[in-house]
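We just call them A, B, C and D in the order they show up, numbering each chain from 1.
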Amino acid sequence: MAFRAAEYERFSGTRSNAPPWWPLWHATFQRGWASRWIRMITFGGIAIAAIISLILYFVQKVVPEWRAMLEEMGQRVGGEGPSLRFDAEIYLILLHWFVYPVLVPMAMLLGYDLMAGDLRGNALESYFSRPITPLGYLAGRSLAFVSFLLLPTLAPMLWIWCMDVFTAPAGHFAAVRMVPLGLSAALLLISLSLALFIQALTTITRSGLWTALVFVILFILSGGIGPALADLTDQRAFMALAFWDNIFSVANGFLGYPEPARQHAPFALSVSILGGITLLCFLYLLAKVKHRALVG
Amino acid sequence: MSAPVIRCVGLARWYGEVQGLSGLTVDVSPGVVGLLGPNGSGKTTLMRLLTGLARPTRGHAELFGTRVSPDQWAVFRRVGYAPGDDVHFESERGSDFLALMARVAGDGPMAARARARAALEKVGMEELATKKLSTMSKGMRQRIKVAQALLLEPELLLLDEPLNGMDPVSRRKTINLVRAHGAAGGTVLFSSHILHEVESVTDRMLLLHHGRLLAEGRLSEIVGLLERKPRRVQISSGSRREIAAALLQEDYVSGVSFGDDSQLLLETRDLNRLLDRLQAYGGAGQIESMEIADENLESVFDTLVGSAV
Amino acid sequence: MSFSPQVLAVQAYSFRRRMLSWKALPALMVALVPTFMALVFRFFAPHEQGGTPTPYRMYGEILAPMCLYFVLPFLSMLVMLPILGELYEKGAIAYLLTRPAPRWVPLLGLYSGGLLALLPLAVLCATLPALILSPISGGVELRFWLQRVVFLSLVLWIGAAPYGALCLFLGVWSRKAVLWALALLIGWGSIAGSITGPLRALSPHRYLFGLLRNWLDLSNTLGQFSVPDPDPPGTLLSLLVLAGYVLAFLVLAYQAIRTRDVL
Amino acid sequence: MSDPVLALEALTVRYGRFTALDGVGATFHGGALGLLGPNGAGKSSMLRAILGLVHPAGGRIRVLGQDTATAGPRLRRRLGYMPERDSYIVGISGVSALAHLAEICGLRRGDAMVRAHDVLHFVGLGEERYREVATYSVGMRQRYKLAAALVHDPDVLILDEPTNGLDPQGRVRMLELIAKVVREHGIHLILASHLLPDVERLCNDVWVLDRGELKKADTVANLTAAARGAKRVRLPDGARAAFTAAAQAAGLHVLGDGHDNEVLVSLPDGVVEPRQVFQLGAQAGVPVLGVKAAARSLEDAFLEALEGQP
């Protein structure tokens, strides 16, 4: 029987040439996936998609008359809001189903301890004494964050789109052919800005609880001020003050409805707001991470 | 006889299931006492119980005969405490922090400034104290902590790991402060991991292990109590074979072993007789160096902690 | 023996800490939200066509209640929660608790310092919107504006006292103080205090709104931010109830600071 | 001959207006180097500069023959750094955190996991490897940090205060681990420490820094060379006065040193023979409990180096 004490050994294997942010992306993803809540939300997104595609199948394939009936009903009830028509606009309604119960809680959960945890545990010192640069670090962490946000939103919605195209009557494809592109663009911008914004917030407050508090304050105050001012002034540009309205405005635009129903902010404004948030937060985070790494 | 400076009566504290201190009964009289023990042995818990920052699960502690409790605040005029954690009022300058502490203790603004300056001089930080605490190095922060403990010129100093993170220069300064406080009749209870530094300040110690008192008293007394253990004397001699052969005849020598070069290790059950015998060899120039092994804090610590597992 | 110099020393520290650090920035931004709304209202609302409230009513019936609902709880939390929270989090409170002074001395000092820091915020929050709105208010006399500004500042600051004391207590009592504060200040305060029901009588928000109504001459009718109170409390009763709450929360905080271990 | 492990040429590091290192030039050929200096002497800045975490305001650093300014981040695969402060990744077990850090240094996933396990066993954290590092005790965190510095098998180990906060047994174990890696596996060591006995134990070279300047670069052996034939004498309690009187009568200098029952005897020029000590003891009627050559401790040498220059 061989006996081997716990000894130090030199490493004799070969090393890979993968960029160092790749393992960071992977580890972040794994760590997120280990959380039961995050898995539940992901499955929640998939479940919503499953139900919707079932309904679509039923309405478009099994009892096709219902489709026309529903559209007619939607026209009568809908009034000013997005009407229920079986074209690209239906994805705007669907998006609501994914943003509030899936995207927002997911962003909160993920942001809760990601970079705040790295700052608390002083992990940056461990990272930057290895062959990873601040930019690589930020890329690895943020891409994992964005992946998590897209997994339960974009993926199920694309699945719904596939189901829709397969079950719909002929000619429908032309109406919705740009939807995947629009959805991808919209959700990518939304996820990126949300990911960077929440990370910036956690690095400022350094605590998940305070991040949650500031986030809730922003949510309540901006959500209240935006519509109130838009109402008082009768100018819908002020809707852009409500952080969440920008999400829908951007989605509207990318899906081909740049000037939809009047309750949303203008598309161009919302895109520049989200883009600005993304850029500012990115620059802030890069400076912060560099500062911690180089001067700390 | 007056009350001891520190008295613990069955003092115990658990954190949920985690043991902090279990049933410590000990009296400490004036002088410098090193508080020793491995990590997690209850040193910091003892400090917090003595300062009333944590409440005992059982038993109680007394300082100067006053039972420690959040309502017995007056006794803290006679006690200076430096916590072990690296915490501060980060946003304050060193001198402002000290002045604030003096003011909460009841000083007027001018008196508080003077007091802060005096304490800073003692730790040798009078020039650097205008820096913000958050920008100070660990060693400077430690010295500010010690200055804070000295602020009210207390009789009793409770210093939790005061040397941790200090550089050799400030360490020497702090050790001198502790020594001087003891020499002036004050009491210092200070914990440290660096045994040779504890040894250079005091030979009185209080050794905790697994939340219990393992040993208390002077080092030499404690060594004397460890009778089970044979004592060892290490000599180096050019004629070590002759000495070994001669000493093996004696019934009090239980073993000899040869080390590197000219080393000879003698094991005995009667140290005094062996030493007496060795004087003759020494006088005859046959011994180049001689040392009683195990009589330093490090080996006593190892023996006590090792045997108590 | 009087402890007031000691309390004042801690108060000065606490005030400085709240006012002169970047941590004051979020609170300042929350306090400026009504100002921002007033600015937008002044420069973008179509005043000529009617349909929008007059500036005077905008201030009294929309901005003032909104301050009470959202700005005040958030301000109290942002200023008061960290006071003891940050000291306990890492254990720096140990220095204060080992002073030869009873533990209510630092407690009172920290509390009053925080409350003092809230005063300029409350005044700012009430004054700036009035400065923006009064020039376009046409016929309304200056003394009415003055009255509203002074009283709104006062109500906000009075409201900060019980909310702040509650936050102080939560900061010692719980490690998840933020969540508790959110639930209690918004849930028990703003929401329960404006919904008719048995809880309403217990909510400090009801008495604060009572003060606001009496001092700003607001009608007890249904509005954007007001739910009529079938039995509106009088000024004296409101003040008494609020003072009672302050006292109760401070006593709770004192008990907590006496019994919580510093770890 | 191979490249020196570390070569500094007029290295200057500034943070804003503060100069942390001012024109330091020195070469470390290999083995174990101890960095000594009071707080703020520039030790940490030097380590950070070596790691490329701070860009020098002037001068050059060559690590293992490569210039840090041009070598790029991949050079850091060959360095293993153990920071002074705790540094861990929240939310994952010790072993996955280590595997993750090894992957960043280019190890493949399978290799990384195997090495993470092995290294944790080596530092004695085998039992705790599935726990989160945040739940470790002080001693375990120190050992975890050492494991993190070793997990990617560096060629140079850079340790900043590795025994800080450890209890005596933990300290001994930590020193043994470091010594093993350095002596048996040919990994070079750069050690910054306040604890001079640690440096004495592990290092062969020493650089003494003070306020950003290099005060001394020498070998440990040279620095601690025995001092002028003096002897340290151990006496029984209360016997000091008698022995001192006898020794002074014989023309020796007697100095007290810390302990009440230990004295330092020396001759103005010449060597105090052990025999003489025993004879003095016999004269004074006190047994001599111990006698040894009074080696200059590294601490004395260090303090002298600091005070030697204005």
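Operating definition for what follows: a contact is a pair of C-beta atoms (placed from the backbone, for glycine too) under 8 Å apart; a residue touches a chain by one contact, two chains touch by 3 or more.
On a predicted model such as this, the values are computed, not experimentally measured, just so you know.
Chains that touch both chain C and chain D are the following: A, B. Ranked by separation of Cα centres from chain D, the top chain is C.
Averaged C-alpha coordinates give centres for chain B and chain D that are 23 Å from one another. In this assembly, the C-alpha centroid of chain A lies 57 Å from the C-alpha centroid of chain B. Rounded to whole angstrom, the centroid-to-centroid distance between chain A and chain D, based on C-alpha atoms, equals 50 Å.
In this assembly, the C-alpha centroid of chain B lies 50 Å from the C-alpha centroid of chain C. Taken as a contact graph, the chains are arranged in a single closed ring, with each chain touching exactly two others. Pairwise, the chains that touch each other are A-C, A-D, B-C, B-D.
Interface of chain C with chain A (complex): residues 26, 30, 33, 36-37, 40-41, 44-46, 52-53, 58, 62, 66, 70, 74, 77, 176, 178-179, 182. For chain D in complex with chain A, the touching residues are 15, 48, 51, 53-55, 73-77, 79, 81, 83, 85-92, 96, 100-101, 103-109, 111, 115, 118-119, 121-122, 124, 126, 133-134, 148, 150, 152-153, 180-181, 184-185.
Those residues of chain B lying in contact with chain C across their complex are 15, 48, 51-55, 70-71, 73-77, 79, 81, 83, 85, 87-92, 100-101, 103-106, 108, 112, 148, 152. Those residues of chain A that touch chain C in the shared complex are 209-210, 212-214, 216-217, 220-221, 224-225, 228-229, 232-235, 238.
Contact residues on chain C toward chain B in their complex (touch as defined above): 5-6, 9-10, 13, 17, 21, 90-92, 94-103, 105-106, 109, 258-259, 261-263.
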